[in-house]
Amino acid sequence: MPEQLLWTAEVFLNGLMAGVLYALVALGFVLIYKASGIFNFAQGVMALFAAMTLYGIMNGQVPFAHLINAIFGTEIHYFGWNVPALAAIFLTMCVMVLFSWLVQRYIFRFLVGQEPIILFMATIGLAYFLEGVGDLMWGSDIKTLEVGLPQGINETIDAVTFEAFGYGFFIDNLDIVASVVAAILVLGLVLFAQYTKQGRAMRAVADDHQAALSVGVSLNFIWILVWSLAGFVALVAGIMWGAKSGVQFSLSLIALKALPVLMLGGFTSIPGAIVGGLIIGVGEKLFEFLIGQPYLGGATENWFAYMLALVFLLFRPQGLFGEKIIERV
Amino acid sequence: MKDTIDGYVTEDGRRIGPVVMEMKNITLRFGGVEAIKDISFDIREGEIRAIIGPNGAGKSSMLNVISGFYVPQEGQVFYKGAQRPAMKPYQVARQGIARTFQNIALFEGMSVLDNVMTGRLTHMKTNIWRQAIWRGKAEAEETENREVAEKIIDFLEIQAIRKTPVSRLPYGLKKRVELARALAAEPSLLLLDEPMAGMNVEEKEDMSRFILDVNDEFGTTIALIEHDMGVVMDLSDRVVVMDYGKKIGDGTPDEVRNNQAVIDAYLGVAHD
Amino acid sequence: MLYREAGDFSTTYPEDSQTFPIRFDRYRYYAVLFIAIVIIPFVINDYWVNSIFMPFLIYSIAAIGLNILVGYCGQVSLGTGGFMAVGAYACYKLMTAFPEVSMFIHVLLSGVITAGVGVLFGLPSLRIKGFYLAVATLAAQFFLVWMFNRVSWFYNYSASGQINAPERDTFGIIITGPNTDAWAAYVFCLIFTIASAIIARNLTRGSMGRQWMAIRDMDIAAEIIGVNPLKAKLTAFAVSSFFVGISGALFFAIYLGAVEVGEVFGITKSFLVLFMIIIGGLGSIFGSFAGAAFLVLLPVLLKVIGVDWFGWPTDIVAHLNLVIVGALIIVFLIVEPHGLAQLWRLAKEKLRLWPFPH
Amino acid sequence: MFDAAEGQTENVLEVNNIEVIYNHVILVLKGVSLNVPQGGITALLGGNGAGKTTTLKAISGLLASERGEVTKGSIKYRGTVIQHQDPADIVKSGVVQVMEGRHCFEHLTVEENLLTGAYTRREGKAAIQRDLEMVYDYFPRLKERRKSQAGYTSGGEQQMTAIGRALMSKPETILLDEPSMGLAPQLVEQIFEIVKSVNENEGVTFLLAEQNTNVALRFAHYGYILESGRVVMDGPAADLRENPDVKEFYLGMSEQGRKSFRDVRSYRRRKRWLS
Amino acid sequence: DLVFPSLSYRTGPYAANGIPFADGYADYFTLLNERDGGIGGVMTRVPECETGYNTEKGVECYESTKGEGALVYQPLSTGITYQLIPKATADGIPVHSMGYGRTSAKDGTVFRNIFNYPANYWDGASFAIKHLLDVNDGSLEGKKIALVYHNSAYGKEPIRTLEELSEKHGFELMLLAVDHPGQEQKSQWLQIRRERPDNVIMYGWGVMNQVAIQEAANIRFPMENFIGIWWSGSENDVRPAGAAADGYKALAFHNVGSDFPVFDDIQKYVVDAGKAAGAGDQIGTVLYNRGLYAAMLAAEAARTAQEIHGVAEITAPMMRDGMEALKITEEKMAALGLPGFGPAFEVSCENHGGGGFVAMAQWSGTNDQWTLISDYEQSDQDVIGPLIAEDAAAFAAENNITPGCD
């Protein structure tokens, strides 16, 4: 039945697109993991924070207004100006760089050489902290980001496919934009990591903090650099996901969508994030469509993504593209 | 020295028994790298067998084959007269083969005592239920094994650091603790991978004494990798020399010392 | 010298390997037990039980369980929430199927059932390690929650999919349901907590514990010296899940009384328990208690201070709460990466030397 | 050539009576003072746990990442106090440490490991390439294994990689921690020859911690002997070599010359200078 | 004083919805204090406790505030309500789960302390179908209706009712679960696009609402055929989709906007006096109004209790009696400055759920506001009644409760 086939194809395409959005979040994890062995639990919150900051700057919100008002009994909320989107994105990026600097200066500088789980825990502390600060700074209401991204069904594809198959495919414009952005990001990051001195230093740091220090790699610099990069990725992810659902707390939970992607692609591989994202996206959508919905009562996507990744890992414990885990005595 | 199938007697009068472990035509490859190329040699009961050779010759890999961690692509291992079937490393350990590692592989999160006690694991058998209750059988077994461990701690003179977490120890002491852990298993074959690296002469002397005493007192067979020729020549009964995965010499220290191939590949100048 | 061990010699090995070799510590331990068992039940009220003691005791059990897996055996797991759910649902099914049987048995059996499920999901740990394993255990978390939400048999086909603890007793004392006395619930949980701690301690000080720790510190070396990794890891999963299952059962039956799986046993629960053991100290039973206390009590304390004393708006307090808890976690890690337990150990080491350092 | 006996060269590195504490409780160095003269090879000798590694880490700033700290005394490099500097800045000012126990970057190839050594250098690709070739000349074995991940090379190959990596950074001063450990005898000799030639041809200053007292004293100009966190003896290498205590305890020689390890049947009471 | 604890959530995933509700709840009591000197001469107090929509924190809040003499709890979460049903019953404190919670709590003979007037989830489902019947000239034969629901106790509530109704009216029901938090609903909406249901009903909460409405707009699903429950019908839910959300419908059991006299008083006595609970920018939003409405119902119940028992300082059990005897009439609402704000209803021992009167609201993107487009109409009690009786009986059996009134 060709109709079923067409639908499957449509689900497949949409899975690809969803995968790209997951990959955007996963990229941030990969960057930091690659450069420090830190599993950055705060990545999701960073995306939220970046998006909130972007919104706040665009709309001239007074940071910490709520807190200030509560303490001083004042009534200030807005500066009364608006910043154009591009300028606001730039300013947000500055904030994220500052954030990276603070993180390095006050947290990770003191944790050099610790075991991965300790570093992981520190990022959890950071996630709590940032979540609280973000809410205090910009308030916890839902914010609608308007940076001019197209949204909704892509008419051209709909029309063309209708012409060809008699069934118009649905592809979201936002997803198309996301794919282009993701492609550019990945390309840039791969080039950076593979072919620059800083990229090599980054991988060195991840292997052995002390040894990297001993050859003069400045952990401070490398870490600020990658956290800033991760901050940038978070901002991009925040904008994309924010456009879908408004900027609000739940944005930080998209990290959970990125974990299976990460695991499948390998924690250390930038292209892995993309490929992993695509596989997970397609896998979970197809499973839901072909098996989940008809036979299992639906809502299988969450666990299926993890199960899929788990099965892959059984065959390749380091993920598809991850660096081989060195086991020697 | 008289060399027979079932043993010989060394210069200082020790009886060396029959072959306990025999490696036959072992070949081990990692992708393109051939770490061991068709090597055969044997280890006799009660002897100290040294393996020497330049860096990257495949010595450690050979120990890994013996302890079952690497599976050679070709060749067989005979242990106590029978061909050893494919085995997991922990099964090998239960056959009475213990070892130390070149890059110290102590359990950093535990104290010295606990590390030594892990060496006793193959001898501890109480089930989990009894352990959960502790009083009674589990406690008795613990005490019993603790006594053995303490004996070895005494023997290696590390009483003072018994309760120290291993991560705080200097390199040399770690090596000694590793030896203690291996000894605690009361192995019949003990594999030592560069036990004296990073020690000064005085400490090497101590270590040598321990090795000799183990060999003497418990009759433990020892296979030893070491780069200090003084130690090797003085301690070992027989020496295998490897170079780039090939065996280039095998014999008593004296034979090896004067073997031209060995001198070229490894010793450089003839060593005293 | 406030704290000394001088004059405290052990003359036998059992004496030396007891839990509190230093007399002072031992007495303090007895004192705490005395207060917990003999005094608290008589002075306690609903608020203290429901807001402080019960969550503390139950989370302690979960933390002990997870600590066995993560802290002792080094297998990072994020499936705790899912396993607690198994305990809770097992308990519910048992309670409703065999109403006359003592709750005590039900809770224990829930632990056993969870242990089985834990072993099943522990199997991949043989190949998958580190953070990969952690993420892989999330598969268990999401799948279990989904399953309990989906298969109506588990919630006895109730319309909402929730489970409610009916009234049950043990030795004639009501333990579950709204008519439970505060002290009874407290004592019931306390018994499980103390037993868990003692069993965990026994397991970890003997050969089982050493096998786990060996696997944790260096699994390859452990295998080469004779540890069977399959057995060691799976027992760790089993024992750990047993405790986690018990805590899940108690959490549902005694503490909350009604549970909706996705919300109560969601991923946040897994993280929370993991935080507890890292903050408290990996590989330390005391640390499990310390971590549970820290993460259960601190938010309550901060809330009381902020809202009740200073009268700030609740949302600002809640946000500040996050900021403070986050900051404290970081500060603790910087001061002592190995958790509250290690901090305590070092403090004792210093006290021992006090007032003459070095 | 450098002549320690004349002692007219300035000290590049001065360690003044430092105390080091780990974890806020474990006192390891109890007042160590060293002078490392410009262009010399200085050896730091001593048994296990004497504090050699700790001293080197104190100098290179790596202590902080081990939760240790210098609580007393000062460390000066070319007159500036460096004890609170960032390790990266210390490397920039010309001091590089080769860590004990190799510490290669496991996932990087041997060649990438070496190139990372040149991280702080700014002279451009050609110079770096030249030095890479130089390192390969010193260690032909590395050239063969250049594309292997360092994690999969043998212990000795890793040690060569670590030393080569330090050479790649073209430092003024190299702190070598147990360079000979795990190397075949030929290579030990060769490494010290390299040290000597780098020292003589390029004027690089060396401070090396060594257990192999024998070789160390043959190549060094000056030596310090550490025991339990204190300097117990120092002097020009030639003098130390002749000192009877050093001879007995560090060189393993008695009046009758070298004795066999087999003969050391009883554990001798150590002679302690201080304790 | 009279204590009305507010279990609010101003943090976490549902904060955006929790804030306006809590503001409305608190502001109304502030108004009573400032303007009338409290209720019956006794001042009111609203201690707030942050639950974060989390059941455990909810329990903690309950325990920590019940000692202060709490009169009634409004947990604003079905999950917490389930926790509190047994606890509050044992403590003799009433719970008012207004438009949420356990639907069968409507049966007051079993759930003595639990109230869910004026409408519950089954009323909502039934009314939505009723509305569709009206739109489709009285017949849904052969139609296809999809339910997009939050995969939790809350979201699953209407399924039973809808199944009954689908049998009764002959439409096909299609169930689509969305897991928390619900940021990704591609599969669900692609399926809707393919299967082309005539209508979609949504039981959503939090980010799930915004995404669903956005996705519906993306696939060009006609908004007027898309109906949300009242928790999926606030400004928060539609604004992110912008103009595309125009025409989206949602159920309501109270009115919208700030066009009522009481809001002038709130401005005067509360906001201008600087006593507002929040920033004051939420006034008139759907959820603010709902909080205010909940407060009004609580205050009126307290007043009723004062009358019944003849004391001003009432206790929780008295409050329960007041709630059970509550009568909301048009006149009463008008007198309170809320003419026509909600349906008129009466509570009794047998019926803790009011009349089940619900209205339909619609969003106008161009005017940026909600408007009621129907009158309050009663839901299909013939279908719901038996279901409630059945569920309540099951609960009673399970918990050894003998149903009855005293």
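As written, the chains take the letters A, B, C, D and E, and residue 1 is the first residue of each chain.
In this section, contacts are C-beta pairs under 8 Å (C-beta built on N, C-alpha and C of every residue); 3 or more make two chains touch, one makes a residue touch a chain.
The structure displayed is predicted, hence computed values, not measured ones.
Undergrad: Show me the overlap between the contact partners of subunit B and those of subunit E.
TA: A, C
Undergrad: What's the overlap between the neighbours of subunit A and those of subunit C?
TA: Shared contacts of subunit A and subunit C: B, D, E.
Undergrad: Which pair, B-C or A-B, has more C-beta contacts?
TA: Pair with the higher count of C-beta contacts: B-C.
Undergrad: Find the geometric centre of each of subunit A and subunit D from their Cα atoms only, then give the gap between the two centres in Å, rounded to an integer.
TA: From the centre of subunit A to the centre of subunit D is 44 Å.
Undergrad: Please report how many Å separate the Cα centroid of subunit A from that of subunit E, as a whole number.
TA: Taking the average C-alpha coordinate of subunit A and of subunit E, the gap between them is 35 Å.
Undergrad: Measure off the straight-line distance from the CA centroid of subunit C to the CA centroid of subunit D, and report it in whole Å.
TA: 48
Undergrad: On subunit B, where are the residues touching two or more other chains?
TA: Correct list: 69, 101-103, 105.
Undergrad: Using the touch rule from the top of the page, what residues of subunit E touch 2 or more other chains?
TA: Correct list: 10-11, 15, 19, 151, 179.
Undergrad: Give me the residues of subunit C that touch two or more other chains.
TA: 146, 149, 220-221, 224, 313, 315, 319, 322
Undergrad: What pairs of chains are touching here?
TA: Touching chain pairs, listed by label, are A-B, A-C, A-D, A-E, B-C, B-D, C-D, C-E.
Undergrad: Applying the document's contact rule, which stretches of subunit D touch subunit A when the two form their complex?
TA: Residues 60-62, 64-66, 86-89, 91-92, 96-99, 103-108, 112-113, 115-117, 119-120, 149, 151-152, 162, 165-166, 169 of subunit D touch subunit A in their complex.
Undergrad: Quick one: which bits of subunit C touch subunit D in the complex? Just the residue numbers, please.
TA: Per the stated touch rule, the residues are 346, 349-350, 353, 357-358.
Undergrad: For subunit A, which residues count as touching subunit C in their complex?
TA: Subunit A residues touching subunit C: 39, 66-67, 70, 107, 110-111, 114-118, 120-122, 124-133, 135-136, 140, 256, 259-260, 262-263, 267, 296-297, 299-300, 302-303, 306-307, 309-310, 313-314, 317-319, 325, 327-329.
Undergrad: Using the touch definition from the top, list the residues of subunit C that touch subunit B in their complex.
TA: 12-14, 17, 199, 202-203, 205-208, 210-211, 213-214, 216-218, 220-229, 235, 239, 283
Undergrad: Applying the document's contact rule, which stretches of subunit B touch subunit D when the two form their complex?
TA: These residues of subunit B touch subunit D: 30, 33, 53-57, 60, 102-103, 157, 168-173, 194, 197-206, 208-209, 212, 227-231, 234-235, 266-268, 271-272.
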